[in-house]
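By written order: A, B and C. Residues from 1 in each chain.
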Amino acid sequence: MNETVLRRINRPRLSSKGDGVFRRVVVGLSMVIALTFVLSIVLLGVQSWPAIRQFGLGFLSTNVWNPPKNEFGALSLMIGTLLTSLLALIISVPLAIASALFVAEYAPKWLANPVGYLVELLAAVPSVVYGLWALFALKPLFQQFQTWLFLSNPGLAAQCTDLFNAGKTSLPCFFMPQVLVGQGFLLAVTILAIMILPFTASVARDVIRLVPADQREAMYALGATKWEVISLAILPYARAGILGGVILALGRALGETLAVAMVIGNTPELLKNIWAPTATMASMIANEFGDAREGLHRASVVGLGLTLFFVSVVVNLVARTLIVRMTPKGL
Amino acid sequence: MKKILSLGLSLVAATVAATTAAASAATVTGAGASFPYPLYSKMFAEYKKASGTDVNYQSVGSGAGQQQIIARTVDFGASDNPMSDEAMKPAPGKLLHVPMAIGAVVPAYKLPGDPKLVFSGKLLADIYLGKVKLWSDPAIKALNPGVTLPGLPITVARRSDGSGTTAVFTDYLSKVSSEWKTKVGAANSVQWPVGVGGKGNDGVAGIVKSTPGAIGYVELVYAKQNALSFGAVQNRAGKAIVADNGPAAAAALGVVIPADTRVSLTNSANADAYPIASFTYVIFYQDQKYGSRTQEQAKDLKALLTWMTTSGQAYNEPLDYAKLPANVAAKAKSIIGTMNYGGAKF
Amino acid sequence: MAVSQMKPPQPASLGRAGLSGSRKTKNAVMGYLIGLGTIVVVAPLILIFGFLLIKGVGALDANFFLHTPAPEGEKGGGLANAITGSLLILSMAAALGILVGVAGGVFLAEYPRHRLMPITRMLSDVLSGIPAIVMGLVVYALVVRPMGHFSALAGGIALGLLMVPIVVRTTEEVLKLVPLSVREAGLALGLPQWKVILSIVLPAAGSGIITGVLLALSRVAGEAAPLLFTAFGSNLVNFNPLNPTSALPLEIFKGATSAYDENQRLAQAGALLLITLIFITSMLARFANRPRR
């Protein structure tokens, strides 16, 4: 009798002690997440401090990357990063939405599942494998096309060579290859577009599936065609969510490193030609961090990393907000 | 959770067990130049057979080799251009350079019909400045009468990483072209006027191999092993020299070699010399006692370096690098002899 | 889910007969475009896998698995260094990713009133978007510099930190799917909360958590960028976490840009092996996930 009473009194105390320990362990381990975030800012900040002190915000707005003279500015890299990512988005978004619509609205279940699964696998292909494929399979095609363009328009080619020599370009020359290397801006955009497809596609598919059935049925009842239902009832409803997916994909593209570094030609210069080699912030880090000397060069390379860090934080927060607003539960 | 936790814990335990088991094998870690990598990878494979010591050498470029030895993340760095006093200033101890071979940097190209071409220093500078853009340019024709040259654009391939090969090449261009010297200069990485960047000698050779109309500067062995055409280069005496062991070794005969062996061999005064030649160096600390280094590790490194400058030299010529001349080998030996561990010889 | 499975109701045939020609054409054209777009989306995957299969399968011989890379210019090498290196690095990454990731997921799902919960969830989401290369820079400063040398451990930490947000998110989601009644039943039996979580809630969500871990593993298994400055690479088979170590993606990166046919061949075979393992892992993840749905 006494024993059972004691046990009853003791049990809550025992359990609360265990609960406290467990909670501390769980919270402690979870704090690794916050710690990683804070440490990232601190470590990147400390390492890039010499460049921040020397160049300030001018680091982001000057176009020079001259290690021997210790002059560094990330403008051409920022532009390279933004242009490759945005163009890749423009190419991939319509395709991604098309595939999402196909899976959610058109395909019978036996087809929708495998297609959805293939799109997921596309997201799992590693960056280096995309890069390898681009080098061995796409680059030769690009070269053949460039050679054809160059040799079939000798007049324009000569004219463009003169223009480029004078440091200028013109609209037709913007599309006339200077060299027949295949690698460069356009190949980077192409491979990026393929790489980010699955991110937009899977978010778009999920939000399209969340469009209430009533919405569709009402339109069908009015005698609308399938496309009218999609364009008038589904897409407007899913717009914010799809936009969130697009911005997530943008974040992916901005930070994509090795596939881009393998094909972009790694030249920190402003783009004068759609085929020309250029560079992105991430590709520059991959190329130069290993050998950048202590001091301004290394600090500048880490400065690129810090910039990428903040950009990706902002992009991510915007995307999450949009997706959460669209779907109260989040995705 | 228990399952997952125990899985996690057992993984940790397994890795700890592996640490203690594997820590006994002798391994020397080095990183740097890609220029001598075909030679080093052969040497280290043979050295493993001869001595049992593993050498992990990563061909990440001379710039990285210099940076990593300063940061002491490797046992030795490797670079084709010797580090300047300025570059060695951030190093926490005295750095030594030991040359291992003499190599030649060649202009490799890919053209239909594989013509044999001759280049002058000025022409190479003008191509890399972006002033000569087509293979049919009169400047190329003038040096190569009788060769049919296509109207293809010249794709300039160069390094995207910090490179000793770049340092040697730009050092040469700075000596022969004042425009190059003022506009670009000589360094491990420079601001290139034109071109497509490849990582390592290997990456540049890869671009040349796959691009009609491309030209790139690579170490001789990369051109030979990948069957790339490469041009002769006019030396200071005006002779067109095809890179080979003899002309590369001759470059060292036209130059006074200082006691620390840090010297440029480009544009040699010797009339038989190939003009874009260079020693390739291994760089390490004179005092081996730093960080958690043991005397055993220091001994392993010393034995490796000694072998490379003596028995290992047998692998130079079959791979198209020139051997160290006798006077340089003697200097290398005495430099290695000054290595110490906390001040004590070993 | 229910919505997607529901067949859209077919418009009455009367309505369709009354459609104007242009509406009909537009509907058909858009339908074809959507189908075409889907083909364009799926094609790269098939092209990539087919390409690797044709180029790489011949190189997947015994040498490939048993040997380290031959000296440059020689034949007969393999990627034993990279295969073992990937296993070593990934096992350490998994240890870190599972420990912190599952704990983080439990924290977000089971302690919703904790004052640090909202910020932790936000930071976890944000970390999932940090480019892998930037994580490499962070771990270089955090681990490589203080230790004085590159190591598999540093690579494992970098990949582990990249795994954490993915594991956190899936763990949180599947824990929330475990009905409240299950927890209440446990508590009603007089079990303390920690025991309820450990021995009832987590096992109930087990397959979902395993899915998350497998997905996270397959995501980081192909990462080379964060390993460039942490694991660094090695020509040797290495099981010492404190030594520099190679990994499959690192060798693929080097080989793909190389001029040597032999290196290219190894890179293509390595890519085939890597992509096959990743696909199998993704499929296992799907399989593990199935009973839950």
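Just so we're on the same page, a contact is a pair of C-beta atoms (placed from the backbone, for glycine too) under 8 Å apart; a residue touches a chain by one contact, two chains touch by 3 or more.
Note that the structure is a prediction, hence the values are computed from the model and not measured.
Of all chains, the one whose CA centroid is most distant from that of chain A is B. More C-beta pairs in contact connect the chains of A-C than those of the other pair, out of A-C and A-B. One simple way to say how far apart two chains are is to compare their mean CA positions; for chain A and chain B this gives 35 Å. Computed from the mean C-alpha positions, the centre of chain A lies at a distance of 16 Å from the centre of chain C.
Multi-chain contact residues of chain A (touching two or more other chains): 290. Of all residues in chain B, those touching 2 or more other chains are 60, 71, 198-199, listed in ascending order. Residues of chain C in contact with two or more other chains: 99, 106, 197-198, 257. Considering their complex, residues 1, 3-6, 8-12, 15, 18-19, 23-24, 26-27, 30-31, 33-38, 40-42, 44-48, 51-52, 55, 99-100, 103-104, 106-108, 110-111, 114, 116, 119-120, 122-135, 137-138, 140-142, 161, 164-165, 168, 190-195, 197-198, 218-219, 221-225, 228-229, 249, 252-253, 256-257, 264, 267-268, 271, 274-275, 278-279, 282, 286 of chain C touch chain A.
By the touch criterion stated above, chain B contacts chain A in their complex at residues 60-68, 70-71, 87, 90, 130-131, 133-134, 151-157, 160-162, 185-192, 195-199, 207, 210-214.
Listing the residues of chain A that touch chain B in their complex gives 64-69, 139-140, 143, 147, 150-151, 154, 157, 161, 164-165, 177-184, 265-268, 277, 279, 287-288, 290-295, 298. Against chain B, in their complex, chain C makes its touches with residues 69-74, 88, 91-92, 94-95, 98-99, 102, 106, 144-145, 148-150, 197-199, 202-203, 206, 209-210, 213, 232-236, 238-244, 254, 257-260, 263. Only residues 11, 14-16, 18-19, 21-23, 25-34, 36-37, 39-40, 43-44, 46-47, 94-99, 101-106, 109, 112, 115, 117-122, 124-133, 135-137, 194, 197-198, 201, 209-213, 216-217, 220-221, 223-231, 248, 251-252, 254-258, 262, 282, 285-286, 289-290, 302, 305, 308-309, 312-313, 315-317, 319-320 of chain A touch chain C when the two sit together in their complex.
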